[in-house]
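Below: a set of structures, written as structure tokens.
Next come two complexes built around chain A: one with chain B, the other with chain C.
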Partner chain A sequence: MPLLSVAKLSIHFGGLAALINCSFDVEQGKIFSLIGPNGAGKTTVFNIINGIYKADRGKILFDGTDITHLAPHNVARLGVARTFQNIELFSKMTVLENVLVGQHIHLCSGILSGGLLLGRVRAEEKLAREEANNIFDFLGLTDYRSHLVSDLPHGIQTRVEMARALAAKPKILLLDEPAGGLNPQETQVLMQLIERIRSDLKITVLLVEHDMAVVMGLSDRICVLHFGQKIAEGSPGEIQKHPRVTEAYLGETVEHA
Partner chain B sequence: MLLQVIVSGIATGCIYSLMALGLTLIYKSTGHVNFAQGEMSMLSGFVAFTMFHILGFSVTFSLFICLLSSIVIGLVMERLLVRPAIRAPHFNVFIITLGASIVMQSGAGLIWTHDQFLFPSAFPSETFSLGFVRVNGISLGIIATTGVLMLVLYFFFKYSKTGTAMRAVSESQNAALLMGISVKRSFALTWAISGFISGVGAVLIAPVIFLSTRMGLVVINGFAAAILGGWGSIPGAVLGGIMLGILENVAPYYFPSQIRNIIPFAVLVGVLIIKPTGIMGEEEKRRV
Partner chain C sequence: MSVQVKGTKLFLVMAAVLFFISPLFLSRYAIYVLNLFAIYALVAIGLNLVMGYTGLISAGHAGFLAIGAYSTAILTSVAGWLSPLIILHVAGLLTGLIGFGLGIPILRLKGIYIVMVTLAFGVVITEIILQWSSLTHGDDGFRVPRAVLGGFVFDSDKKLFFLIQPITIVMTLIARNIVQTRVGRAFRAIEQSEIASETMGIDLAKYKTKAFGLSAFYTGIAGGLFAYAMTYISPDSFNMGVSIDFIAMIVIGGMGSILGSIIGAVILTGIQHALSELPKVQTLIFGIALIVFMIFMPKGISGLIMDWKQGGPNRKQSQ
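Let's turn to the complex of A and B:
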């Protein structure tokens, strides 16, 4: 059974059909990419999975649960984490605080005990901070842990957002254009990180990305959207040769890739 | 003598700070302006009054129930009036709370009349000597209670998991949702905390200015304090309140006493001319 199964998803915004009958399955432990020109509906798919938008038709199964009609915070609790196209960090907080918010669903201390800092909460907080440190090690963020997010450069913020998403210990990580605005070296580091998230942390990755080198280099499977419709799905090799894809989108990029 | 006036000014200021704090918390986490903050205080004051004066419970128990009821009032306000309008513009919610404040004031008048009532203080009224200053026990109690409450709130928001989550919601509701934080629950909690602050306000203020349906008007000073300190800034709300309180008490010491209500607001206008965002307020930065 696939970890995430999207079936016949459709959504309209006013008169605009943003997604039409879109279906794909993401297998456990794979890196699955959604590509397509601007406005193809990639981020819309993310927003429906997260429960921010409600689909007009269609169904989403995650890990055996129907999440089509769940509220965003409940989807998150099932193990779906995400980063955003335009980084959406809590910029007035430190890097560490952002990650602690990411751990929110795993900390269970209540309001009263939380306010009084009782023993059990202390132990929990200590564990939370240790786990945060592991994530910082993993992503190379240890030096920035007490920095205010708003003081950090874009490349670092991208990694902080990944750290916050990983803090939730998700089963699947949705990355929305993680390479956007990164220079070639940063993109290299990012690719290694995504690969290690899959191999070391055993987290399935659903990726939306415009940088074809990243998509072709990382993906196990690729699904191509065009004006809200799926026009192809397959391995990177198959997608590069697919006539409708080259026509719709990849064009010259394929030759350079 | 001046020192003593300042101390009682700080005590008055603490009450404004509490009002300003209740307003600021709700504004920061939900974007709403709650005009009924003072009436929430007034209502919980009358709950205590009913408990000890009409039903004959002990004062301590009544004050405890007063604090409890203030939390309930905050939650009820949120659930009944604010949540249904969650997608409405903030200005609509402001008018809703303004309407609620009028209904609460008139409703309380129907039940308890518009008279003024004595309200027992939780603190002794004799004076203590602290070094050079002789301080009234009630003032001291007000300052100490406010101080403790502020510290608890500071640690709650800074270090607790729930407090951190609430700060996250106030920065980005969408991102917070995707971290598994329930924004509705966070809003409700904010109103509960604001309600509790208004309840503490009732316990502290009613003994000083008497309990009456007009007691809620102190929210005007709360607004002034919050704006003087910098609208939306929590330390600003505290600082603004205390500054207003000191000014209000020190002004009559040098000038005719009718000036009491003029000086603080003259200073408010003066500060806003020099620094329109208030003392600790930040200029709103927009991404271009």
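Let's turn to the complex of A and C:
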């Protein structure tokens, strides 16, 4: 059974059909990419999975649960975490605080227990910081842990957003254009990180990315969207040779990748 | 370093001791003003929890202060044998519950609409108090009976000092703990990005209503202490201008800061009493200060202190 199964998803915004009958399955432990020209509906898929948008038709199964109509915070609780195309960090908080918010669903202190700083809250907070440190080690963010997010360069912020998502210990990580705005060197580091998230942390990755080198280099499977419709799915090799894909989107870039 | 920590601790202990013996040598009026500082600090902390931390503007907090004050006054007059600590809790919880309820319609609203709903709430509350005269004595105002704790009557500002100040200190510490743990982080996260908060598993509806409820609880307790300190309350003590003063307190002191709440409450209450002969000048000063701070110092005075602590003395070295 696939970890994430998207079946016949459709959504309209006003008169515009953003997704039409879109279906794909993401297997456990794989890196699965959604690609397509701007406006193809990739981020829309993310937003529907997250529960931010409600699909007009179709169904999403995640880990055996129908999440089609769940509210975003309940989807998160089931093990879905994501990053955003235009970074959505808590910019007035430090890197550490962002990652602690990422652990929200795994912590349990409330107004009263937190306000009185009960023993179990102290223990929980201490443990949360240790876990955050592990994530910082993993992503190479240790030096930045006390920095305000707004003071950090874009490349680091991208990683902080990944750290926050990983802090939720997700089963699947949705990455929305993580290589956007990165220089080639940073992109290399990012690719290694995504690979290690899959191999070391055993987290399935659903990736939206424009950088074809990243997509072709990382993906186990690729799904191509064009004007809200799926036009192809397959391995990187298959996608590169697929006539409709070449025609619709990839064009010459396939040669470089 | 440890010497420095020890020094700070010693300083704090001495400051606390000095503070609690100060009623022995301070004038009655000075003690009264210190009590008001504490009461408004609680209001400012309460307002800051919902406005500074969670980002939901409330222009009706005088309404919560009124609910706390009137429920304390009424409870004390019908059940004066109850400990003021119990009465204040009941008043705080009742106000908190109403705040929680007000949080529900606000969930669907954004920005200016939240301002309008909360503003209307404040107006409605004073109107209810005015009309419900069988309970509140309406326009005549309410003479608040003295609080009695185990035979001890809090019948002077000096005695009230020892009720008001400890409650304020404890509640300030609790607020500090809340904002530094899970719930407070969720509040701050919501203020900065709702979409990121909910995708990280934060239930926006739950935390926004919680923020309103908690904020109202703080303001309700402050209202109860206010009733005891003033000994006489009337609907006019809780008009719209009072709600705006509260906003000015946290903007000037520092949004999203407990320390800032206290600083703002002290500064504004101080100015109010220094210029009590000139109420028009007061309003003018508050208005101008509000504008100046919003434009030039959005982080308020506490923001300045933080910047100075973090970068100020070392700035030359780091550049």
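Definition applied: the second predicted complex is superposed on the first by the 257 of 257 C-alpha atoms of A that agree within 3 Å, B and C clash if a C-alpha of one lies under 4 Å from a C-alpha of the other, contacts with A are read in each partner's own complex, and residues count from 1 in each chain.
Just so we're on the same page, a contact is a pair of C-beta atoms (placed from the backbone, for glycine too) under 8 Å apart; a residue touches a chain by one contact, two chains touch by 3 or more.
Keep in mind the model is a prediction, meaning the values are calculated, not measured.
Colleague: In the superposed model built on chain A, check whether chain B and chain C fit or clash.
Modeller: Clash.
Colleague: Would you sort A:97 into first (chain B), second (chain C), both or neither based on which partner it touches?
Modeller: A:97 contacts both chain B and chain C.
Colleague: Quick one: classify A:164 as touching chain B (first), chain C (second), both or neither.
Modeller: Touch status of A:164: both partners.
Colleague: Is A:205 touching anything from chain B or chain C once the two structures are fitted on A? First, second, both or neither.
Modeller: The answer is neither, since A:205 touches no partner chain.
Colleague: Taking the stated contact definition, name every residue in chain A that is touched by chain B in one complex and by chain C in the other, in rising order.
Modeller: Correct list for chain A: 50, 52, 71-73, 76-77, 81-82, 84, 88-93, 97, 100-102, 104-105, 107, 109-111, 114-115, 117, 121, 125, 164, 168.
Colleague: Show which residues of chain B lie in contact with chain A when the two form their complex.
Modeller: It is residues 152, 155-156, 159-165, 167-168, 171-172, 174-183, 189 of chain B that touch chain A.
Colleague: Quick one: which bits of chain C touch chain A in the complex? Just the residue numbers, please.
Modeller: Listed in rising order, the residues are 174-175, 177-178, 181-186, 188-189, 192-193, 195-204, 210, 214, 256.
Colleague: Spell out the residues on chain A that touch chain C in their complex, using ranges where they run on.
Modeller: 50, 52, 71-73, 75-77, 81-82, 84, 88-93, 97, 100-102, 104-105, 107-111, 114-117, 121, 124-125, 164, 168
Colleague: In the complex, go through chain A and note every residue touching chain B.
Modeller: Going through chain A, the ones touching chain B are 50, 52, 71-74, 76-77, 81-82, 84, 88-93, 97, 100-102, 104-105, 107, 109-111, 114-115, 117, 121, 125, 164, 168.
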